[in-house]
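Right after this note come the structures.
Heads up, the next two complexes both have subunit A, just with different partners, subunit B and then subunit C.
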Partner chain A sequence: MSELSPLFEVFLRGRRGLDHIHVGSLHAQDAGQALEYARDTYIRRSEGVSIWVVESKDIHASQESDVASFYDPMDDKPYRHATHYTLPDGVDNM
Partner chain B sequence: MGDKKLDDQIAEYALRLGDDALVFGQRLCEWCADAPTLEEDIAISNVGLDYLGRARMALQYAGKTLGRTEDELAFLRDSGEFRNLLLVELPRGDFAFSMVRQYLLDEFELLFFTQLCGSKDDTLGAIAAKTVKEVRYHQRRSANWMQRLGLGTQESQARTQAAIDQLWGYMPELFEMDELETSLLQAGIAVDRLELHSKWLNTVTAQLASANLQIPQIDWQVVGGRKGVHTEHLGHMLGEMQFLQRAYPGLQW
Partner chain C sequence: MAEANDLEQVFENKIDAEEKIEPKDWMPEGYRKNLIRQMSQHAHSEVIGMQPEGNWLTRAPTLERKSVLLAKIQDEAGHGLYLYSATETLGITREEIVQALHDGRAKYASIFNYPSLTWADIGAIGWLVDGAAIVNQVALQRTSYGPYARAMVRICKEESFHQRQGYESIAVLARGSAQQKAMAQDALNRWWWPSLMMFGPHDADSAHSAQSMLWKIKRKSNDELRQSFVDQTVSQAEIIDLEIPDPDLKWNEQRQHFDFGEIDWDEFKQVINGNGLCNRERLAQHKKAHANGAWVRDAVAAYVKGKTGESGE
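The block that comes next holds the complex of A and B.
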């Protein structure tokens, strides 16, 4: 079945979490079965209270070839981080 | 309280429910590491562990009156002392067989444990309340599998129909009321199994029909589990399940 079944990515929201976090992937015949398998595979120990499943093919990811233009330009711009700036004397906590 | 005869009856009733769950849980866990896919492997074992949890609750409760621990009841009784339904002790068969058995049982248990929630015995009622939630999920899973298998390929449909035909004669035992259960029913403690039959049959017939599967017309049925008269399969299963405690009595881990 696995060879024929599409791959789904699984996201969980924990009891105190605001966002769904990616936890893994699994094979299933459709979204309904993917939700059930996700339930059995990823929340057996109460890890979550909400599940999203998304077919892996529907996720568009950045590519290795994009590294130079996507990420490298950030490396030499420390002024984009708050830690780059010296805080005025009056500010104790930031 | 203090009604010895009633306590004994309740213990026997709990023993029946506990044995059903224990034996079926063991059969389901036989799929562990052997299911068609990794996902199904985890899912089916998960269901098996739900049954194990249920078995523990029921056997602990029965054991209080019987003066035996849950482990003694599970591992030190021979097949003639087990009180489970014959249905649950049958070998797991192929995947279709296991799923058909699961589905037929799930629909029954949904009705049965919903009723048992209202038992005048608080412990049985509490076990039922916990169990109903689990069964609702089991039924959702197995009903989906009936659709997938029945409407899947020619082979999956044929295997699923064959499983229904093989299992149908084990269904009457689910609805059998003997002296013990009738007496407990009158005390407001047990469930009226007979009363569940028509609703179960309607649900199952409709669900299976929508999956291109039919209820067979058969003229055989087998019963006996409640009296300790079992198929030859139970002894073999116990041989594996009880091996450690038999070979190394009192072993702990």
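The block that comes next holds the complex of A and C.
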């Protein structure tokens, strides 16, 4: 059956106000069923207050191998970090 | 009827319990409108704020300073995007939001209607304008609307770099030649009062404040935030030997806060109402940039249309 039913990615919001975070995936026939399965699978111990399910095929992902050209971590730009700037003594909290 | 009351009650309960309101939750129309107003103005401020800084991009004194300024301005564009997207979760389109700016129905922080006249202004903007924005934004991390609160958390992480680079830049001038020091002092003189105005009118005169505080959209009042900004900035000025241009500024032992002089509210009103030095220029520049980008939006739309046409076969 799992061969026939599409794969869904599951995202949980742990508490109101937080971002939804990816927790895993599961197979289901449709979104409604995926929500029920996600409930049964991922929130048996009050891990979340809201579930998102998204069909895996609808997720477009970047490739880690593209790091250099697409995902440059900008390690050569230390000035983007606050810690790059030395503050005079006595200035805290900036 | 009973149902509407129930919904309102559920909403109020969430607010009372310090829970966030999320896009799919029921919310009063006034809450939604109030958020759209505040969040879109906040987004516009991030975007318009790039103009006074962009003015010095090609004239930054060193490549290092230029790289820093470019990175900072890029962050501000990103902040605008976070906030526009968060505003769109309230069921308004980007086009409507931008149109309101162009029609003059939506405002942005009035400080960006002042000109950046010298290189020292760039340091002063990072130190004071971003500094004031941080005080405001730190409080807004606890705002009641989830997407707004989360955007603020992301923005605050980036703002610290903005303020530090500005402070460091003006500190270098302040300990430079007499001429450089005078330039730094002049920048502080011109940006100090507009920075205090960034927090808006006194609480008693603020049109939307009371309701916003009840709904926990705003978590601290204009006057409270302004006081925190003054309190933290005084020693920063002293340390780099610059003088804050306010003869009434002095420590109040009893209040454990600095007392400070009255803002020129007439000037504030003039600038808010479109009569600042750069209001027309800022808006005209935004309209021009938007119009110049029309072909990109058209090209994207044509590309998408072509693609979906193909796959639709």
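Following the convention adopted for this analysis, the second predicted complex is superposed on the first by the 84 of 94 C-alpha atoms of A that agree within 3 Å, B and C clash if a C-alpha of one lies under 4 Å from a C-alpha of the other, contacts with A are read in each partner's own complex, and residues count from 1 in each chain.
The definition used in the following text is that contacts are C-beta pairs under 8 Å (C-beta built on N, C-alpha and C of every residue); 3 or more make two chains touch, one makes a residue touch a chain.
Note that this is a predicted model, so its numbers are computed, not measured.
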Practice task
Could you tell me if A:56 is touching subunit B, subunit C, both of them or neither one (first, second, both, neither)?
Solution key: neither
Exercise for the section: Kindly classify A:25 by the partners it touches after superposition: subunit B alone (first), subunit C alone (second), both, or neither? Expected result: neither
Problem - Touching partner for A:16 - first (subunit B), second (subunit C), both, neither - result: second
Exercise for the section: Have a look at where A:44 lands relative to subunit B and subunit C in the superposition and call it first, second, both or neither. Expected result: first
Handout entry: Which superposed partner A:88 touches (first subunit B, second subunit C, both, neither)
Key = second
Exercise for the section: Identify which of subunit B and subunit C touches the larger number of residues of subunit A. Expected result: C
Practice task
Could you look at A:79 and tell me whether it touches subunit B, subunit C, both or neither (first, second, both, neither)?
Solution key: second
Fill in the blank from the handout: Where subunit B and subunit C land on the same part of subunit A: residues none
Problem - Of all residues in subunit A, those that touch subunit C in their complex - result: 16-19, 50, 77, 79-82, 84-91, 93-94
Problem - subunit A contact footprint on subunit B (complex, rising order) - result: 36-40, 42-43, 46, 137, 140-141, 144, 148
Exercise for the section: Spell out the residues on subunit A that touch subunit B in their complex, using ranges where they run on. Expected result: 1-2, 5, 26-29, 32-33, 36-37, 39-41, 44
Practice task
Within their complex, state which residues of subunit C touch subunit A.
Solution key: 14, 19-20, 22, 64, 67-68, 71, 131, 146, 149-150, 160-161, 163-165, 167-168, 171, 232, 235-236, 239-240
